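After this come two complexes, each holding subunit A, first together with subunit B and then together with subunit C.
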Partner chain A sequence: MGRIVVDVMPKPEILDPQGKAVAGALARLGYDEFGAVRQGKRFELEVDGEVTPELLGRAREAAGLLLSNPVIEDVVNVSADESADESADDDAVVS
Partner chain B sequence: MRVGVVTFPGSLDDQDAARAVRLAGGEAVSLWHGDCDLRGVDAVVLPGGFSYGDYLRCGAISRFAPVMEPLIAAAKGGLSVLGICNGFQVLCEAHLLPGALIRNDHRMFVCRDQRLSIERTDTPWTNQYQRGEEIVIPLKNGEGGYVADDATLDMLEGEGRVVARYVGGNPNGSYRNIAGVSNEAGNVVGLMPHPEHATEPFFGPDPRSGTTGLDGMRFFTSLLEKVAAA
Partner chain C sequence: MTGRTMSGATTHLDTVEHAGQSPDTIQPWAELGLKADEYQRIRAILGRRPTSAELAMYSVMWSEHCSYKSSKVHLRQFGDKTTEQMRSVLLAGIGENAGVVDVGDGWAVTFKVESHNHPSYIEPYQGAATGVGGIVRDILAMGARPIAVMDQLRFGAIDHPDTARVVHGVVAGVGGYGNCLGLPNIGGELVFDPCYQGNPLVNALCVGALRHEDLHLANATGEGNLVVLFGARTGGDGIGGVSVLASETFDEKGPSRRPAVQVGDPFAEKVLIECCLELFTAGVVEGIQDLGGAGLSCATSELASAGDGGMAVRLEEVPLRDATLRPEEILMSESQERMMAIVRPDRIDEFMAIARKWDVEAAVIGEVTAGERLTITWHDELIVDVPPRTVAHEGPVYQRPFERPGSQDALQADSALALPRPKTGDELRETVLRLAGSPNLASKEWVTAQYDRYVMGNTALAMPDDAGVVRVDEESGLGVAVATDCNARFAKLDPYAGAQLALSEAYRNVATAGATPLAVTDCLNFGSPEDPGVMWQFAETTRGLADACQVLGTPVTGGNVSLYNSTGDDAIHPTPVVGVLGVMDDVTRRTPSGWRQPGQVIYLLGTTREELSGSEWAWVTHGHLGGVPPKVDLGAERLLGQILVNASRDGLVDAAHDLSDGGLAQALVEACLRYDVGARVWLDEVCERDGISPFTALFSESVARVIVSVPRTEEVRFTDMCTARGQVHARIGVVDSPDEDATLDVQGLFSIPLTELRQAWEPLLRNTFS
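Up next, the complex of A and B:
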């Protein structure tokens, strides 16, 4: 089992109200060293077998079509999740 | 005059939109998101609500519903389409309209009677209004902030494609107070406030506020006028 990670962030010039809310909450909790927060999204796409360049290409296509809206967001990462196999082992141990 | 109203899973205002169509003298035709054809309608309303639970982004999943394929093709061919609130978000996600709608800048849901100025009056949805006319219709959204880059905003203003602007304060952080925009031809209009909720006495904005409470009706009678003239 392989896994592809897609990370999407709001464009820098677009207001990020969720990030602002989180920054406010952090400051209230005493974490005032974090001046600004921007909140994005992480998608994990599972594939059968190894992550191939073709599959990464398909993931990039899907990221541009559905997972992000290019008007307000940037796809900042599409990559194979190298820890995918390990976490599958972890699951086996837990169960 | 047959006006399709699409119901997505999570649509909220489809019945009100259909009712507004009937009150205006048209025939409302229910379209299901899973339909692959538009049943020969003369126009389509994409209603408000929270289609697909607003998951991923508002309108992002609805935009790929089966009914959207013929709808997008027909809209590009000139079919009159009005997207209200969630419908506006769907039209932006489908790239039939430029820009996008994001969470209100103040991060709260807003629900109130909203003053608007109508700025584009040559569309099938607004030809019964006067340019610059102020109307009051309900506004209710959590993610109604209209955003686009400066070049797009300049283009929209330069080409006269801003259909309506907020008056008396910006309720959701929309850039340049934009409440509604159109495509270049004007047949596709997206609007964040709800004209369908201001089409019947005592069910819309409070008449004691100095308006009739029926200011939304002309979005739907405009359509009949346009089709009659065509």
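Up next, the complex of A and C:
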């Protein structure tokens, strides 16, 4: 089983209130080395079998149509998740 | 001049000096929306070509949205037709951020309605959210604490595939921003009509309260006073068309595609509100202005223009979210949640301490200067040097040609009186149910349940009652009522009458709640001013509204014009949303719209004529729009208002509900369903007196009518008052029991159990959108 990862970020020019709130909280906790934070979202799409270029193309299409709001967000990454096979039984893996 | 530390790829800075030396540089004025003669006028004003920063400022400030260049000549009537007596209740009027009305006991109230139509179609959630944020800052800038919001929403046909997308986003955006701010949403409008399919209307209204002495105005006076920018940092959002300038002039790598929409942060706005109110209380603010459309360009030029005229700004002092922004972009950015204040140098430390307390970033970016120039520097290089009045207040004024459309006669000749009507009791019954369940009359609960209506604990009435009522003074109970209305079908049939009918209905709604109407705000939503037919609608609307305001003694205090609301060549119906604000001494005396006490008698006030053109009945049952709208009768409206206010004050009525869309039938449905209490009604007397059929009595939309429920003990006093003042009234029913088999019974015609009525009225929006 393969997995496609789609990463979506708020457009760089757009205000990101969540990221701003996180940045403020980090500073209050003493993590003042992080100047700014921007928060996006990650989707994991599972497919039967290998991730093919065709499937990536379909995922890219879906990302533009549904997974992101193209007015205020950018799809910054659509790729095969290479760790998908090994980590099938371990959802806690951090990439 | 060596201190330039600009980041980014900018290679040239278009200084005033450089502009003087390069008169032949080709500038993208057309791409920025300027006309050739406008560009020439800018050159004439400056005696040279504008710098790119100046061009950006002029282009955005001379746009239709900021300059009102097409509408100005018509809007003047609102001032010209305001009499001294009408002016006497105003502490500030048109031209300020919002009108301010004296409501007594040292209190004043400010209110205004604005549009955010186009952004809300592109990005419904953020467009609607920032619409709320913007109008709240307008109210705040007057020195007032925002106390309530309302929203006026118009969407395409309810069953069109694209409508749900816009509805979901807009409703969530209005609720998301307003609820997070902790402001009650006390009402508004919700209309579905195919004419708004490609161009929904999202208007937002805010009400604020202040003590007289706290009134603040937007001007920059006092040489040496400091210009302070505070609130959110400035980012690259909402720059829109100005990216053309940046890319065409400087960037050979192609356009940078700055997004035209902004994202709001209601929590930042909430902190900004509290910070501003503490700054006002401390008395450290000389003048204040919110940053909305056109951002810093607008705030600096308007403050300077309304003040002494001189201001020097150091643009590199503006706190940025994105360090790569060019000066032109900083001037144009419409980043949300920002304010600009004028502060005396000896008070700046206090100002900064208060800002720090609220964790609001603030920066001194310039000062008020002698002379009459607004100068802006970027790291010591002069990039703007203009007379601020020419930017802010002396923009182009157009006498757009207007002409009554040739099709208007045919439209008016196509009367609804010729349409087939229901006759039998069963047919009437079916029509009542069908109308009650139609998109514009069905329960709006699915929308209003998403809004917080009672936060702050001062809401006395909210949707679904006729007007929103909020308490202003928690000691005395002094409060205000606000209602907005517009039947755009009436305005389409006759824009002069349509505007008056919108005022008439809003005025009646405020009086129905028990408040004395005092002042008006308006949001005029129209198609393209370059279409002479649309411009005729606009001219007729403003004339009608100004004339009617004079008759009713309620001045227009401010508002907003939104033009170019069209899809292709198809303009929306003219939609002049009219908001009326009224005052009541004690909000506990408010009159709700539904009856509760069995045995109370129901009176219909006002005369019913056979007026069906433009009605909800004609639209829902026949898809028909034609003929002439109901007759305007402002004298009757004013008398009715006095009766309702007196009846509320003296405790003569327990419920009152105005008759408008859907006529008496819909008013009865709503008055019954408000508290699930039935009624027995008879129409014979009214039909005989007014010479009409039961169908007309039920579905005509004649003005100046309400139904009231009167306790038996007060019946004589009530009817004596009506008789003494010449108010037409008729006893048409009694309030019935509130038990399970409660019904709306119209004697001799039909009877509908309230359970069946609710089943018809309630589920439409919920079933459609959730």
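Here is the rule we go by: the second predicted complex is superposed on the first by the 88 of 95 C-alpha atoms of A that agree within 3 Å, B and C clash if a C-alpha of one lies under 4 Å from a C-alpha of the other, contacts with A are read in each partner's own complex, and residues count from 1 in each chain.
Quick note on the criterion: contacts are C-beta pairs under 8 Å (C-beta built on N, C-alpha and C of every residue); 3 or more make two chains touch, one makes a residue touch a chain.
Only a predicted model underlies this, so the values are computations on that prediction, with no experimental measurement involved.
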Q: State whether subunit B and subunit C clash or fit side by side on subunit A once the two structures are superposed.
A: clash
Q. Between subunit B (first) and subunit C (second), which does A:83 come into contact with in this model arrangement: first, second, both, or neither?
A. neither
Q) Of the two partner chains, subunit B (first) and subunit C (second), which one does A:12 touch, if any: first, second, both, or neither? A) second
Q) Now for A:72: first (subunit B), second (subunit C), both, or neither, which partner does it touch? A) both
Q.
Among the options 2-10, 20-28, 218-226 or 254-262, identify the stretch of subunit C whose C-alpha atoms clash with subunit B after superposing on A.
A. 254-262
Q. Touching subunit B and also subunit C: which subunit A residues?
A. 13-15, 17, 20-21, 69, 71-72
Q: Using the touch definition up top, name the residues of subunit A that touch subunit B in the complex.
A: 13-15, 17-18, 20-21, 66-67, 69, 71-72
Q: In the complex, go through subunit B and note every residue touching subunit A.
A: 56-57, 60, 64, 92-93, 98-100, 102-107, 145, 147-149, 173
Q: Could you pull out which subunit A residues touch subunit C in their complex?
A: 10-17, 20-21, 69, 71-72
(Q) Give the list of subunit C residues in touch with subunit A in this complex. (A) 122-123, 126, 232, 235-237, 239, 258-259, 261-265, 267-268, 321-322, 335-336
